[in-house]
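One chain, subunit A, appears in both complexes that follow, with subunit B as partner in the first and subunit C in the second.
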Partner chain A sequence: MTATLTDRLLGRPLDRVDARRKVAGAAPYPSDFDLPGQVHAALVSSTVAAGRITRIDRSAAEGAPGVLAVLTHENAPPLAPPPPNDLGSTTRWTLQDDRIFHYGQHIGIVVAGTRAQAQEAARLVEVEYAAEDPVLDIGDPRAVVEANPYGLETGRGDVEIGLAAADATLDATYSIAAETNSPMGLFTTVADWQGGRLVVHDTTQYPTMVRASLAAMFEVPERDVRVLIPFLGGGFGAGLRLWSHTVLTTLAARVLDRPVKLVLTRPQMFSSTGHRATNRQRIRLGATGDGRLLAIDHDCLAANGVEDRLSSYIVASTPVQYACDNVATHDRIAHLNIPYTGFMRAPGGAELNFALESALDELADQIGVDPVELRLRNYAEVNPASGKPWSSKALRECLMVGADRFGWAGRDPAPGSMRDGDWLVGYGMAGVTFDFYADPCEVRLTVDRGGNATLRAAATDIGTGTYTIAAQLTAELLGLELDQVRVEIGDTDLPPAPQSGGSGLAGALGAAVKDAAGQLTERLARLDGGPGETFGAMLDRLGLDELSATGHSDLAGAAGSSELAVAGPFAARFAEVGVDEELGLVRLRRLVSVIDGGRLYNEKLARSQVIGGTVMGLGMALLEETVVDPNTGRVANGTFGDYLVPVNADVPDLDVVFVGGPDAFTPTGTKGLGEVGIVGVAAAIANAVHHATGRRIRDLPITLDTML
Partner chain B sequence: MSSATTARSTEVTVQLRVNERTYPVRLDSTTTLLDALRDQLHLAGTKKGCDQGACGACTVLRDGKRIVSCLTLAAQCDGSEITTIEGLADDPVQEAFVRHDALQCGYCTAGQVMSAVALLREGRAGSDDEIREFMSGNLCRCAAYPNIVAAIREVAGGS
Partner chain C sequence: MTGIEYVRAADPSSAVALVSEEPDAAFLAGGTTELDLALKDRVVHPSRFVDIGRLPLRGVTRTGDHLRIAALTTMEELAADATVGARLPLVREALLAGASTQLRNMATIGGNLLQRTRCRYFRDPAVAACNKRTPGSGCAAVEGVARMHAILGAGPSCIALHASDPCVPLVALDAVVVLRDADGIRRVPLTAFYLTPGDRPDRETVLRHGELVTHVELPLLPAGTRSGYLKVRDRSSYEFALTSAAAAVRVDDGTVAFARLGLGGVGTVPWRAYEAERVLVGAPANERTYRAAAEAAIRDPFTVPGTEFKVELAKRTIVRILRTVTT
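Presenting the complex of A and B:
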């Protein structure tokens, strides 16, 4: 028996292992946990966007029925600062002073016997402010603007020389509205100090980060903090930071020494759990007459909260998109009195792709080269930044297969030339070069005398399918059936795993599982069970109850020393839109996605990821915009009635095809698929709108009023 | 000061009939059916996504018709027959959802399934477009929509 990857189970479109619990309503989400002796919390939020609290009166709230505690900056115990963190650290610790940075900032927490009592009492906290005029627009000259802290001022060659030598140039500025992740599950914290040990049910994609942060802030050892998150209710990046409500609920539980539960309201989700920052991107291109790129200059300005240390990184992968000798990037951050930004599916990559792939479409139109052909003429055969060969790249196949399946050859290149009744019809496409990021991962894999295996890691399944693909891979490697593998995740008492984010968990976890399974099968071989002996039979023969191995991976570390340029997924997206000229309606009619995702863990779940991302991309293109009131700084549309996300009737036939083979860098040959589905959709749709109407829309979302 | 008016509450006793069981519950008259199901009956399968009737996550059946339980007062359900996800037993819709991967995170799934069960009874599954239209009150941010349509189509075709 050897730990090898075959297609016995791996890649097969098996049913999601937790689906049965989910369709029965039996999967427990954080808001479903109720602990003995539990009381309920509600938040007090700022009603100004900038300034200071001059008076905050707790007395009416404290006297309200059922109220147990009212904490504000005046009476909250001090907290230690949270530790620095590469992506997840808290914005600033909360209730520690009187300063107001944004509308909706948490300025108090009220705890009472019931949720209704807490919510009622929260309204009775009286607050007076010395309000200041908030800075809310990235173009506001009062905004504090700084260079992106990630160091994204980069260059190769000389862009100005490239532009000067070009037969054709383009200089265009694109903008994307702020968007809010809006997972269906309301973020929840249930905190319980069991004596000295803190147990927290918390909606997070990164439980080990929450553990480390709470341990530091409450000054207890990490081993005395346990974060539990078996099922998430979606995140799309919103669960990658430690948010204020988690800290406040934990604080209230400590003050009262009893379990406290807080469930955010939907409007609070819009101001408390991050969002995709609004941004402006100026793209300058220079090209030869036949479309070979001579220069790409990408300049970005993105919003961020006041004093927030975390920033977007939109231009980070611009240098690797196409073969071009002269590429420069610039990235600045404008600090505004807006709710804290965060990560939203394919942060950076989705925004970059919209601007660059729109610009290429404009260039193609200008010089009369087919948009697909333009991508092929600038195809990066090797990584254009490092010069190293890609660990895998089937982008050419994505483009060719996509064009064929879509019927791109039937496109009349002249804008406004295609019709279907009252509808103008347009075809648009975009290429996608994406990446992934995988932090170190540890897993514990155990086989028992019953012949079953258990995999344990503090990873999460946010709906992407971690439970399923981990079971599938483990069963594949150990020669077991799927139902012989148990996967335990969502608990920080288990070995440390990275976040469900950056499209990295599947690769990191898979590599660690492969390591552990390799150790087990090697030990089995050494124990000389003879051919065909199962783990169960061997343990029986040796009189052992179980055999365990700890597996590790560090893909980000290994990438640095690799001879290969580590590739993420690639894709091509082809969209057909209909535009009703008189009504301004824009409808996506169909979309073909061809994805190079490396080896797939599970074709069915992979397809679901791509569909889900595609629909979120449809929202980005045509619907989604978090509106901040220009006077008060309040999120003006923070409900599902006002913030429009795609519904079932918005979604047409979506064709998803996978191409390419196993990646040469990741031990499993897989590439992350959680985010790539959104990338390229907005550009393909915007390019199709241009083809349909001749109108180039450079600002997302493309709404009805834009088209009229 | 508004505390005098807002602190007022009226307790009522209601016979809630849920999944063919009768629960006598004492609750504030302003309690929604959703909160009563989750907090008092401990039937947590029904989910709260917006509390404003805009997302469909809390969909249950009242006398066979789908309603959003967050906009329904529990006190108004005295005498009604409520069916929640816990009241379904291996419904073909649930099986089809599993097979077609008509869910990802699963948070909206109870509402989707209840809505789909009612939609089939309503005879609104005649075409994919009809299914899409009549399932559009149930948001799925993971966007399993095409798979939800496929699952419902399959059940509709087989019945």
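Presenting the complex of A and C:
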């Protein structure tokens, strides 16, 4: 037998293997863990956004009922600095000095017998500040601005020559409000020092990074740190950094030498676990009269925290979006006294797409070329940055199939020409060229005498179905049934796996599983007792209990030496909106998504991914905005009643179609679907709003007051 | 932590006594906001909760052209009432536009009347400047982020919104609140029940300490009157109104013969638009009249940068609901 990919199991729309556990409440999320002898922590947070602490008095808190410890910068033991990691993220550890960088910054941790006691005592810590005037706005001239912070600015040709030669030009600036990831699961840390060994239950998408970080900071070997996260209550990128609360809880547990548990409150989630940075993007386009792009100049200014640097590489993939000889990108970050930024689903790509696909819509309108046709005229047949052929690309099919399913041909191009009662109706679309990022991955695959297989890796299931696709893929490759495969993940004692992030885990894990399965089947083929012999019978015959293989993958490493331009997913989004002009209401009426994600492991989960991403894109387009008080820097809407994410009533019929085939670069042919679902939604909606009303909205979210 | 005593009242008179005798005691009914305020946000500090959730104050009875709604009737129960559905569409629509189904199954009519503002500055004790919490401390919202805030009945001391949906038709309909304390029972028109902030935003109603809302009395609309409720918001559900309007209008031969108009999303209290009603009655039922009524309704608004859009939006909301119930 050989490890091959067929459609026996792979791609099938199977139910989640953990569905029953989840609906029965039997799947343990971080906040479900309670350890013997455990005590509870609460955070003390800064109520100014900039300055220094001049006095912090622990005495009242220390004397409060049940209190076991109060740690501030005055009495917290020192820690080693956290190491950098591959996401370019180092986290400031907050109790190291008296400086304040943002409102809500953790300036103390209180531990008590119960959560209520800890929260009550945290209020009793008296703090005085020498407050400074915070820098909160991206346009504030006092902000420290760094140019080209990631060295990602690129150029080809000469955009000024391209613009000069153009029949039509566009110069427009777009902005996106700060958004907060807002997973349902409140981030939780339960830290337990068992002698010299640390065991941490932590809400993270990247347990191996948390392990490496905590090991360095607490100066213990990595092998003595174990991070556990069997189930994650969502993250959308919020779980990709090591956050201060995890460090503080671990520290408190070490000081007290007993397990400490901390569950963030919802308002704390808004200032403790990152957000999508607000940004402004200026785009200049030049084109021929028939819409061929001669120049793309893309400038981005994004917010970042003070003494922080993260996640604003918005222009990184501008050069590969369309065939165009003259492209330049410019990248700047402004350091503000805002809560630290983080990664939020399709960081960079979602923002880039909104600006560029809006600009293309403006260009199409200006020169009288159909928006779909404009994308086709500038179709990048090969990767326009490297000149290499794509490993796969079905964007043309996305555009054509999408236009057909949506009924794009029925669109009267004149803005304001379509109406349904009080509602003006508009059609808008966007193309999507996205990417993925996959770190090295290792898995251990074992078959046993009972004929079953066990897959082990320190990967996480962020809620999207890692357990299911890993089982499906393993069963497929080993010729087993789904229920013969056990998947163990979410534990750093298992072989190192990358983060669930960057749309990369499915590809990285899949490639490593394929490697391991290939080794196993090859070894078994050599030992084969005859056609049809099962693993169990074979091991029985050989007197072996089990047989294991370690599989590896390194997609990011392999991409550098590939003859192919490694493609991410492609997509086309077609939106119909209704706009009630009198009241300013904008409502999504339907949205068609056509996605080229390469080979799908599970069609149902893939569809769910895209639907979930689309709903999030709807929030980005019309609702979501993390508002910071202009005087204090306090997040002014940090609750689910005030920070608006879409509810069911906002979500209309979402049609999702998959096109394309297996990708030629990744061993399993997949391209990763974790993020692409959000990309393109905002531009398609904004373009539809323009079509409905003739009004071009360049700032997200498009709330009703902007439409009045 | 300071404990909160919890007592379940056996009957209305003992409920009144249990609160009256303790200066910092509070009634607890559906609990949808009181528990948040006391335990999560910690901006109110009751010493005792008197749970009235099981008192026999539930249900709707009709006497002639009046409904008597017991205070513990839930929003969903009232919305499902046949008379409300047939004779008071504006009430039913406002009820169903509020909160979410889950909350409406818990939230009581009495609790809805007495809900506290959603102003995030009020609800966060880390914000020092809040005249509603601490009279004289200032108002952070006026200088800060205001969107879900009031423009009518508001001023520099407070722009906190009364966010109720059902109260909007109730003030339009001249509902009466029945109150009970140790001294007996009194009836207060809902339009006189609430206090605009002035220089004492901490005083929100005419309720005396220990006084219990037992019923809301509601006259039915005269025959031939059409009514409705319009709620305007960015999210289609589970968001407070940016603006809303409840209207009841009867048109005879092209002329407005009867008009009632209440406004939500704009007032520090549920807002009765008397001036608009005066413009409407006797005038031809047309766009020009509706716009004139809207202009009369939103007179001398107090706005801050975040709430300026509500002036025009509220007027358009009024025009739309009047148009809707007269065509």
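One rule holds in what follows: the second predicted complex is superposed on the first by the 703 of 708 C-alpha atoms of A that agree within 3 Å, B and C clash if a C-alpha of one lies under 4 Å from a C-alpha of the other, contacts with A are read in each partner's own complex, and residues count from 1 in each chain.
To be clear about the criterion, a residue touches a chain if its C-beta (ideal position, glycine included) is under 8 Å from a C-beta of that chain, and two chains touch if they have at least 3 such contacts.
Here the structure is a predicted model, which is why all the values come from computation and not from measurement.
Touch criterion not met for A:R541: it reaches neither subunit B nor subunit C. Look at A:P65: by the touch rule set out above, it reaches both subunit B and subunit C.
When both complexes are overlaid on chain A, the residue A:R55 reaches neither subunit B nor subunit C.
When both complexes are overlaid on chain A, the residue A:S31 reaches subunit B alone and has no touch with subunit C. After overlaying the two complexes on the shared chain, residue contacts for A:A116 are found with subunit B and with subunit C alike. Of the two partner chains placed by superposition, only subunit C is touched by A:L644; subunit B is not. In the superposition on chain A, contact is made by A:V263 with subunit B only, not with subunit C.
Using the contact criterion defined above for the overlaid structures, shared-chain residue A:R634 touches subunit C, although it does not reach subunit B. Shared-chain residue A:R142: touches no atom of subunit B or subunit C. Note on subunit A: of its two partners subunit C and subunit B, the one contacting more of its residues is B.
Taken together, the two structures place residues 64-65, 116, 120, 123, 265, 639, 641, 646-649 of subunit A in contact with subunit B in one case and with subunit C in the other. Of all residues in subunit B, those touching subunit A in their complex are 1, 3, 6-7, 28, 30-31, 35, 38-39, 42, 44-52, 54-55, 57, 84-86, 88, 94, 97-99, 101, 103-110, 113, 129, 131-133, 135-149.
Residues of subunit C that touch subunit A in their complex: 1-2, 40, 42, 118, 120-121, 124, 126-127, 140, 143-145, 148, 232-240, 242, 309, 312-313, 316-317, 319-320.
Here subunit A touches subunit C in the complex through residues 45, 47, 64-65, 116-117, 119-120, 123, 265, 267, 582-585, 587, 622-623, 627-632, 634, 636-639, 641-642, 644, 646-650, 701, 703-705, 708, going by the rule given at the top. Only residues 15-16, 18-29, 31-32, 34, 60, 64-65, 115-116, 120, 123-124, 182-186, 231-236, 263, 265-266, 462-465, 604-605, 607-609, 611-612, 614-616, 639-641, 645-649, 651, 653-654 of subunit A touch subunit B when the two sit together in their complex.
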